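Below: one structure, written as structure tokens.
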Amino acid sequence: MAGLPLDHIADKIKDAVGDVVVEVNEGDRVPFVRVEANAVARVARFLRDDGELAFDFLMYITAVDFPDEDKLTLVYYYFSYQNQQSLMVKADVPRQGGTARSIAHIYAAADWLEREVYDLFGVTFDGHPNLERILTPEGFEGHPLLKDFASEDYVPFPDKMPGK
Amino acid sequence: MATDTAIHTQEFQVNMGPQHPSTHGVFRMVLTMDGERVVDCEPHVGFLHRSMEKMAENRLYIQFLPMADRIDYLSSLFCSVAHCQAVEQLMEIEVPPRAKYLRTMFMELNRIASHCIFFGVFALDLGAVTPFLYGFRERELTMDLLEMTTGQRITFNYPRFGGVAADLPDSFFAVAEKFLKVFPGRITDYERILNENEIFLARTKGVGVVDGARAINYGWSGPNLRASGVNFDLRQNMPYEAYGELGYEAVVLSNGDCYDRYLVRILEMRASHALIKKCLEGLPDGPIVKEKVSKFPKVPAGEVYARVESPRGDYGLYLVSDGTNKPYRYKLRTPSFNNLSMIREMLPGVYLADVVPIFGSLDVILPDVDR
Amino acid sequence: MIIHPVLSWLNEWWQGVVATYGLPSCFVPAAQMVVHAILIGGFIAVLVLFLIWLTRKVSAHIQQRFGPMRVGWHGSVQTVADALKLMQKEDTTPRSCDRPVFNIAPFLAFAPTIVAFVVIPFGDGAIIRDLNIGVLFLFAITTINVIGVISGGWASGSKYSLLGGFRSAAQLVSYEVPLVLSALGVIMLAGSMKMGAIVDAQSRIWFVAYQPLAFVIYIIAATAEVNRTPFDIPEAEQEIVAGFNVEYSGMKFAMFFLAEFANMFLIAAIAATLFLGGWRGPWLPGEFWFLAKSFAIVLLLMFFRWTYPRLRVDQLMSFAWKFLLPLAFLNLIITGLILVLI
């Protein structure tokens, strides 16, 4: 990947925000930095405001559900127009009652994206101006993208398929 | 003067959508109005939410391929190409050059089709009915070309893991030649009917201005971002498929108003036309699909982010695989979602009549927003 | 030249009948009125059917389509079929509406249009009442239909139609002023407000030659007056769905529709009379020339309709008050100066 080396970014985060980096993973295709969940907003602000990094573009926020490990991994994907480089920041939160600082005041795009994660995964974001469901209808119960989501209306896709 | 005898003005709420002719589908805005002026806007999305991501997690990779077309039905090829790219990257499949060229060419044709609709609908939003029909006329030509090869007119289901589904039929070249010949003239038609029309300029210039920094902060991408002066196009900056060989220069304008967002798309149609021409000229021979790729692959564990420049912007697919034949997590980064999120901030203070062109100039498509 | 002899023959025949059977003499004008009313009503009905078909065809050909092709020759009876369908439609009334006003509004909008046809000179002598205040009467009566529009918009109980009604009121009031001012130049030249006299005054040269600026102002203001694109703000589908008539259906909707198309013709007919020499023309009968000129203007309005986008409401207002109105005054002053000096 072009641009700044991941270790350098991780070091800069450590210098600026404190010892919040849990893991630095060059990975196969998507290098990422795993930080502590309570530091997500501080890391985001640093990434955006630092002159060298300038990760000004928040592409998406999402989560990945790992029921076996009882954790949800929040995924923040940033892009820097200045360096033409993207950076994935992950943070683990518990599956039930997971919470993180909202970054809606740092990236305006996060407003809807956090609502989406809240809607589909049930992660709450402290300090979000209007944390309501966005995609599912009003009065919907449950968070559909959790692996153990069950609804009366939900008919699982048949298992008997070619190639099985 | 006693206040209770004075005439009071009152703000009122207008519920625009989900059934409204110019919300381009099922978007709902609750507008608080002071006479003709918008005071506040509360957008509601999700009326078309089909939970595509959950569906993907419950289907084989090949089963979701035709579904991916339905994410953004006006530019469906981009969604399925991204799907294939993600799988190919995880499986480390190298796509044959001919397939790359074919994908590129049809993506550009699809982009023209999508921009044609934008042109027509945007003019219709401003009350001009005729350009709408013009836009559809040229879209028909691109649809014909796509239909000749893919057999479909809207949801093509054309790419496959490691290539594409079908090669060009022999009759294709003559029809494509004809299309390439007439299309620049048709774009000139478009420009002549709107670009210098005083009323059109009065309605779009300086309306809904967004500067580059604000656009980036809201996660805008694609033509909307380029209209605000940010020189970034995935085809130019991070080439994929055959774009690297073909070379592409992004169309960038600077004003960031409705007019520039319109003009970017008109100019991109010309650029796409040039790309298609280059594709046809440089079309390499060879197989159209990589041999020995399973149709029902077990994708190695890992994660990947596939990113394509769709007509609406930066379309991305974050795929987490756990080594089975179904995706573990299938996150769609749809450009319309982020492009639309600014509407709340753009609308207050404008006239009701400007709500429609501002919304229309973003060229969002609701299935792309709601997924 | 066609209508006048027919009418006078009918009149004489009826006078004969009244005299033969010794009926009271007040039957003569009464019957005349009935005949005139039927004539105007029939004319408007046929005219509107034709105009709708013409609109569809013109729009279709501008947009590279065929338009209606199935019912009759080139779809010529399509509008008749549509009218029949419209009559059978359920007449829905919204629950939140102001019922009496809602019911009467379409007629308030339509009636002035019929009345206005009274002073239109269709041909030599083919004018129902050549009032000595003809032009004034015309502009006064056509303005009344805004009451129908605004009360329809208000009574529907929908915010969209309310906005449409308000916009319509604002627009009509604004554009009425340059419209009348542009006609004043013609009246100054003709020295009369009588429609017949104005046509007579153009026996040598059409007033459009003396008053080109006024003609342009008139066409622009008239387009706005009948809510055609680019000034169709009161019924902007894209913003306020269909404006004041969004809640109407069936015959009540048809009334608004009739009024709109009849108004379009009326505006064109006034333009033909004031600026293009009315029914005057060589060889062919006056009725032909009158219709030909009127339809030329109607076609012009249709070309506007299918070519231009729509203005915004504030742009519309500032255009009327800051541009069109001063221009109309300028035209008036120049006309006056020339008349005084020559």
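Which chain is which? They are A, B and C, in the order written, and residues in each are numbered from 1.
As a working rule, a residue touches a chain if its C-beta (ideal position, glycine included) is under 8 Å from a C-beta of that chain, and two chains touch if they have at least 3 such contacts.
This is a predicted model, so every value here is computed, not measured.
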| item | value |
| --- | --- |
| Chain with minimal offset from the mean of all protein Cα atoms | B |
| Remotest chain, chain A as reference, centres from CA atoms | C |
| Rounded Å distance between chain A and chain C, as computed from the means of their C-alpha atoms | 63 |
| Approximate Å spacing (C-alpha centroids) for the pair chain A, chain B | 24 |
| Separation of chain B from chain C, taking each centre as the mean of its C-alpha atoms, in whole Å | 45 |
| In chain C, residues with contacts to at least two other chains | none |
| Residues of chain B touching chain A in the complex | 45-46, 49, 51, 53-55, 57-60, 62-63, 89-90, 213-214, 216-219, 230, 232, 237-238, 294-296, 302-305, 314, 316, 318, 320, 325, 328-329, 331, 333, 337-338, 341-342, 345, 370-371 |
| Touch list for chain A against partner chain B, complex | 27-30, 56-60, 62, 64-65, 75, 77, 81, 84, 86, 88, 107-109, 111-113, 116, 120, 133-137, 144-145, 149, 156-157, 161-164 |
| In the complex, chain B residues that touch chain C | 12-14, 20-22, 36, 123-130, 133-134, 137, 193-194, 197, 199-200, 202-203, 351-356 |
| Chain B-facing residues of chain C, complex | 59, 62-65, 159-160, 163, 167, 229-230, 232-233, 236-241, 306-315 |
